Amino acid sequence: MSERGQKLPSDVRVGVYVCHCGVNIAAVVDVRQVAQLARGLPGVVVARDYNYMCSDPGQELIRQDIRDYALNRIVVASCSPHLHEETFRHAAAAGGLNPYLVHMVNIREHVSWVHPDRERATEKACELVRAAVRRVVWHEPLEQARVSIHPDVLVVGGGIAGIHAALTLANAGKRVYLVERQPSIGGHMAMFDKTFPTLDCAACILTPKMSAVQAHPNITLWTLAEVTRVEGYVGNYEVEITRWPRYVREDLCSGCLKCIEACVYKDARFPDEFNLGLSKRKPIYLPFPQAVPQVPVIDPATCIQFKSGKCKKTCVEACGERGAIDLQAVPKVERVRVGSVILATGFQTFDPRRMPEYGYGIYPNVYTSLEVERLVNASGPTGGEIVLRDGRRPQSVGIIHCVGSRDRRHNPWCSRVCCMYSLKLAHLIRERTGAEVFNFYIDMRTPGKGFEEFYQRLLEEGVHFIRGRVAGVSDWALDPSEEGKLVLRVEDTLLGIVRRIPVDMVVLAVGLEPRSDAEELRRLFRVSCSAEGFFLERHPKLAPVSTFAEGVFVAGCCQGPKDIPDTVAQAGAAAAEALALIDRGSIEQEPNTAYVLADHCSACRTCVSLCPYSAISIVGGDGRPHAEINPALCKGCGTCVAACPSGSIRQHLFEDEQIVAEIEGILAGVAGG
Amino acid sequence: MKPKVAFYWCASCGGCEEAVLDLGEDVLPVLEAVEIVFWPVALDWKREDVEALPDGSLAAAFINGAIRTSEQEEMVRLLRRKAQLVFAVGACAQLGGIPGLANLFDREEILEQVYVRVPSVVNPEGIKPSCRWSDGGRQLELPEFWEGVRTLAQVVEVDYALPGCPPTPALLADAVQRLLNGTLPERGSVLAPDHALCQDCPRQASKPDSLVVREFKRPHQAWIDPERCMLAQGFLCLGPATRSGCGARCIHGNMPCTGCFGPTGRVRDFGAKALSGLASIVASQDEKELENIFRGIPDPAGTFYRYSLPSLIGSRKAQS
Amino acid sequence: MAVTRTLRYQREADPEWTEWLRRQPGCEAFWECLQCGTCSGACPLSIYMDFTPRRVIALVREGFYRDALSCQTIWLCASCYACAVHCPRGIRITDLMYTLKREAIRRKVHPKGLPTPVLAQEFYRMVQRRGRNSEFWLVLRMALKSDPWALVRLARSGWRLLRAGRLSMRTEQIRQADQLRTMFAAAREGR
Amino acid sequence: MKQLADNRAESSNGFEPKIVGFFCNWCTYLAADLAGTSRLHYAPNVRVVRVMCSGRVDPQFVLEAFAKGADGVLIGGCHPGDCHYQEGNYKALRRYVLLRRLLEQLGVEPGRFRLEWISASEGERLRAVINEMVEQVRALGPFRGFNRLPVKLAQLHGQKECSKEPASVETVEL
Amino acid sequence: MALRRYLYYPGCSLRGTGVAYDESLRECFRQLGLELVELEDWNCCGATSYMAIDEGAACVLSARVLALAQQQAPGVDLVAPCSACYLVLRKTEDYISRYPEIRSRVEASLRKAGLPVQIGVQVRHPLEVLWEDVGPEAIRKRVQRHWRGGRVACYYGCQAVRPYGEVDRPIRPTRLDELMEAVNVPVVDYSLRTRCCGGSLTGTIHEVGLRLNYILLKEAVRRGAEAIVTMCPLCQFNLDVFQNEMERQTGEPFDLPVLYFTQVLGWCLGAELEKLGLRHLIAGRDLVERWFVKERPVEAYV
């Protein structure tokens, strides 16, 4: 019917470009045949196949054709639009064409990589191209809208990634909110003794940065705090942060720690979280000596006052006139507006209780690597002495690599840092105790600056390297020499012989995995997670710190396992991306917004309640009321468009005609026209 | 010479013809202005008379009703040949109308139902209509009952549509006037305003800005507040999806709109769009609960395609 | 002193056989083997095997099926599935062993001195005929076919069992043995 | 691999279902991208139309697809609570629940129309859903159109002359 | 407690060397108000040997058992006490659902035999039934006799907890230990609880089989166990029958009762002694006598 929608534009001149992507596409899809088909489609003036469309010459091809053939529509059949839509829009713009007259067809991720059958893959590619040609005919030139970027940044997580990102931004003069859930910043790195491969002291390099955060005028640091609500969009996020009470006021405390001394508990008797239960603390305690802020915290789960209300409150007394201790403190909610967010929430280590064959939690002398980090730490529970839970000093130690990693039953990925930290622990243990150290590895992975040299050094030190994955740890003695020891049964795969190796101490090199609450955070910020649960970057190579939520960046191990240098590098990159966003001041919005045909709208109000951004309102009061969409608020989901019962709302880039043309194009071969 | 016009009816109830009569005295000037050469319901003209006319000699043919039989098809083809303009009058001709609901069933089932199963039928031999019948050596012939109901436009080219079940006399008069004045719009137009009924609804002001529905009530089940928006009260009203021009007759009668004026100009499929708008405002996010709420719509096809089943996308003739 | 030469020419490898093996039920995943040796470490019998289970996988993966089929390893496997539950790649090594056993018997390359294949075959025949197995007769037949001297040793245990009322010399048989035979025939055709 | 081989065997005896997929840009489309980068092989019968959100899927598109010859329609959106636009997927669900009832009335078997939540990380699930649906639709056979049972009628009708299609309907295959 | 019904598939071993398991299981279930109805005309499951000869035939063999169960009492769970039977039947179900080729062969054979093709039988181990359908708490409440024996090592054996099984987790299972503790039987921490006894190796490669069982017994003794509690007829057989021979070879005296968990449980729940099959035990008869039947003349029971 002629009155439905737009008229088919006349004088359409389409150029179709089919990419080989080297062999990625061309090895499966017959790209020549696809181009051939395109040449025969109505409106197509030129159709080519080319090795790499995204390369400079490839883009130049498009620019040249626009000039030579007066093209006014472009279809590029290559990879996912998530990868190169921008590239080809730019190419078109450089050729003098409105960038929105370009449409991409995904014949790599959706075709050549998933359908090995050449004939059927080619058939599918042809149909998708035909659909795109039909669709692009309906495209119209569009202008981009701009949104302004609020200059403040939120950094979630106060480990080394968050600290580095926050400092970078703050040093550039930006206001940063740093939110940390624990009572102190520092993260996992604060727990380490030495860092590989240089063996410099973790505390020595981290502590100054922690203090710098505390002191920086541009950084607002909230510890014991969690993000509980996020609204808004890139440039204008509104974030709600809940600050759980510390019960000691940071603004009043001088850090004298007299309160801890004065606690009615004369001896520390509760497992110390920071030392992973290897030592004890009081109900009021400082998480660790270098904690930032240097303010004690009260744990209501163990404090008598909170449990029974009948404490003498000697801590309050000790604090005296300062009155920093506030047992009545309640959670406080902060609301901030920021333009961008950096997620640096880190990782958790694999819980080896999930692998009972390794005896963790069953045999006291089986340790996780993180526990050993505390054990060898000079400021740790034993002052750096390696003493077992039973008080003995180990004479032989087995370090099992890949615990929970590279395992389809648990975490299929390689955690990347375990080989190196196992070497480091082997070195430290050997150095401190002189014990025989056995490393059980599947593959030794030392790809980093100075890493292989470190491995070489360990070999020279006489540490045993046995290539084989330990099948089980037990205290089952088959031989008198094994009595009282933990026995590791393993095939030494280089010998091809099964060995039993008795040791005094077993160290489980536990892998890194996503934090158990990564899922909740992911929902809050509307970012995606990869299959294993780490935050998903926008592109693994080309956009490694961006996410699919614009303005939200990731840094550190929340994105995937990595070591400290990589974490810091990534945090710097995330900070730089955030800076780039802020300094641009505003960004272009995809012009895929919905709009109302005011003359046709009957103000039925179906759409109003559907918009999650309250972008739709009824205007026109007494005269002729109709709906109106505020393009600055519209994010382009198209829900109202689909709902409008009289077809009076439309959407740029996703017009009914475009989508229907695409459907028809896909199926054109079926119904015979 | 006065322009010649013809009226014809196909599968319809006759209501559209009534609408012509409902013009009352206003019909007189029309009769003054045109010469009616064919109008089976009112005048005794034969098919041969029409056949005898030269092709294109009629200024317009006003055809109501959907197409179900061979006779209907032959007649509309004939009229198409003779007429310069063809008007699809009423919902049946435009969209298929109530008779179009027969498309939910196949032909055999319908014949079986009507001639055998209905309790009031006495038909021990189970005789069903067939095209040819011989009776005492005489060959009798009946029009063929096609397999489905089609809209007029699915059989012949239609120039204008007058929507409604039936179209209002005012719309009819207006169409004739435009024909005489030569002020008809572009061919293919629907001769009614191109916005939804809500625009002209007397209860427009009572519509809440945020329209949500938690249950569906049917008009016979509850009292209908005559002042408030039907949807806001939970009555399934198709006003938001239906083309205006009817004068909100049903609403004035305190009944919800059932969609006889069909879709607005930008909608490809009335039922799908009406369903989409309605389902979107149901206040639930839970599949089970949604199923429950939608039980309040016992017959979705009959509700959303009450007047338009034959014009469902994909049922239409691919007209080029 | 005699020396043995061990050298594998690439022409001895048969990748097609490996492909065939991959399509056998339970054998899909061995391609993913990391050669970590967990299977051997977990296996209580690996210390008696000529090749550890890991090495068997390495052999079949490289297509050296003659070594894999003629080794003792597959006949020492007691089907305890320890390897399968410990394998970080989810390879069902026990099921792979079964496939190798079948193939070894089919090609008649199993080691001749071992009674294990004999037991399997005798068991198979007995159940094929009667639908059930009778422990006494099974052990007797196996011993007679492989190592009659073992009977001397077995007699002592047998006597103890008999005294405890645990040894029955009755042959067990199901009522509808013919139904079972029909089923085997149908299954062969349904292949 | 095995599954795929079976598909091929099936395809030799003719019918390859054609399924139109409406995938949301942020979850299911990305899941399909992930399936690609992970080289997961699946049945090539689904053609994807990208929409920003499953909430953009107008029931008209679904009818249009069936009308133009699709044998099945698959809508893919983010999991409940995960929508990039907060609640678009719920809007899709509302329409889906009612639309599938309507389609049943119009003679579309339930297996031909599905709404699935597939997140960006679920490449494997995408493959499973597609393979399963393709098999399901394959088993149902080609879609013959709304309210149209031409095969059934032809079989039922004895009198040849009466069952002939009217002349103008030659293009009304659906 | 409501009477629950189960189909019962004893398997070949429980007809021969494992007869004590058969007797005590029936009695134990009776004590708990669980009814066992023996599957009619059941056949051998194929055990470990069949798969080594003909995989298709192996599946047909166990599929017949499943189909009989489906035919005789649809919807009723099938209890398979022998670990090998349990694993093989479950593996067959898995294979049928996973591999179309096997499914078509199995279905062809079932059709030919007039047996149901659609099989929805749940195959379960007695320990699984006791744990899930009755529960350790309920069992604790029904204890009638106070255990006066020594500490035991709970030996799960391998196949019941392996990939196709659901009796307990495959590595370091605990349910048998907890069940024993529920009836006040002290257990030792036995780290070899799932280490294979060698199965039929004692009959084929005798020395190896013997060594495996020697290790199991020795470690149990080292842990301070005075008896071993088992849940598989083959494990019980291997550990029980060859103790004499081991003593001859190693000079280390072994005389450990190797009990079925159903015997211990049944006794604690107050079962009649004659019905626990204690007379079928070979090793450690003195202890068995002292623990189970102290006050009465030995001859009557042992």
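A, B, C, D and E label the chains in the order they appear, each numbered from 1.
Definition applied: contacts are C-beta pairs under 8 Å (C-beta built on N, C-alpha and C of every residue); 3 or more make two chains touch, one makes a residue touch a chain.
As the structure is a computational prediction, the values presented were derived from the model and not from experiment.
The chains in contact with chain C as well as with chain E are A. Number of steps on the shortest path from chain B to chain E, with steps defined by chain touch: 2.
When every chain is reduced to the mean of its CA atoms, the largest separation from chain E belongs to B. Chain centres here are means of the Cα atoms, and by that rule the chain farthest away from chain C is B. Judged by contacting C-beta pairs, the busier of the interfaces A-C and A-D is A-D. Here the spacing of chain A and chain B, counted between their Cα centres, is 58 Å.
Inter-chain centre distance (chain B to chain C, centres taken as mean C-alpha positions): 77 Å.
Between the CA-based centres of chain B and chain D the separation comes to 31 Å, rounded to the whole angstrom. With centres set at the average Cα position, the gap from chain D to chain E is 50 Å. Shared interface positions of chain C, defined as residues touching 2 or more other chains, are 86.
Within chain D, residues 58-60, 64, 68, 87, 91, 95, 174 each touch two or more of the remaining chains.
For chain B, residues that reach two or more other chains under the stated contact definition are 267-268, 273, 276, 278, 280, 318. Chain contact summary for the complex, chain C toward chain A: residues 34-43, 46-47, 51-52, 54-55, 86, 88-90.
Chain B meets chain A in the complex at residues 186-190, 194-200, 204, 207-212, 238-241, 244, 263-268, 273-274, 276-278, 280-281, 318. By the touch rule above, chain A contacts chain E in their complex via residues 355-357, 362, 474-478. Every residue of chain E that touches chain A in the complex is listed here, in rising order: 169, 171-172, 191-192, 215, 219, 222. Chain D makes touch with chain B in their complex at residues 58-60, 62-64, 66-68, 80, 87, 90-91, 93-95, 97-99, 101-102, 105-106, 145-150, 152-153, 156-157, 159, 161-163, 165-166, 168-169, 171-172, 174.
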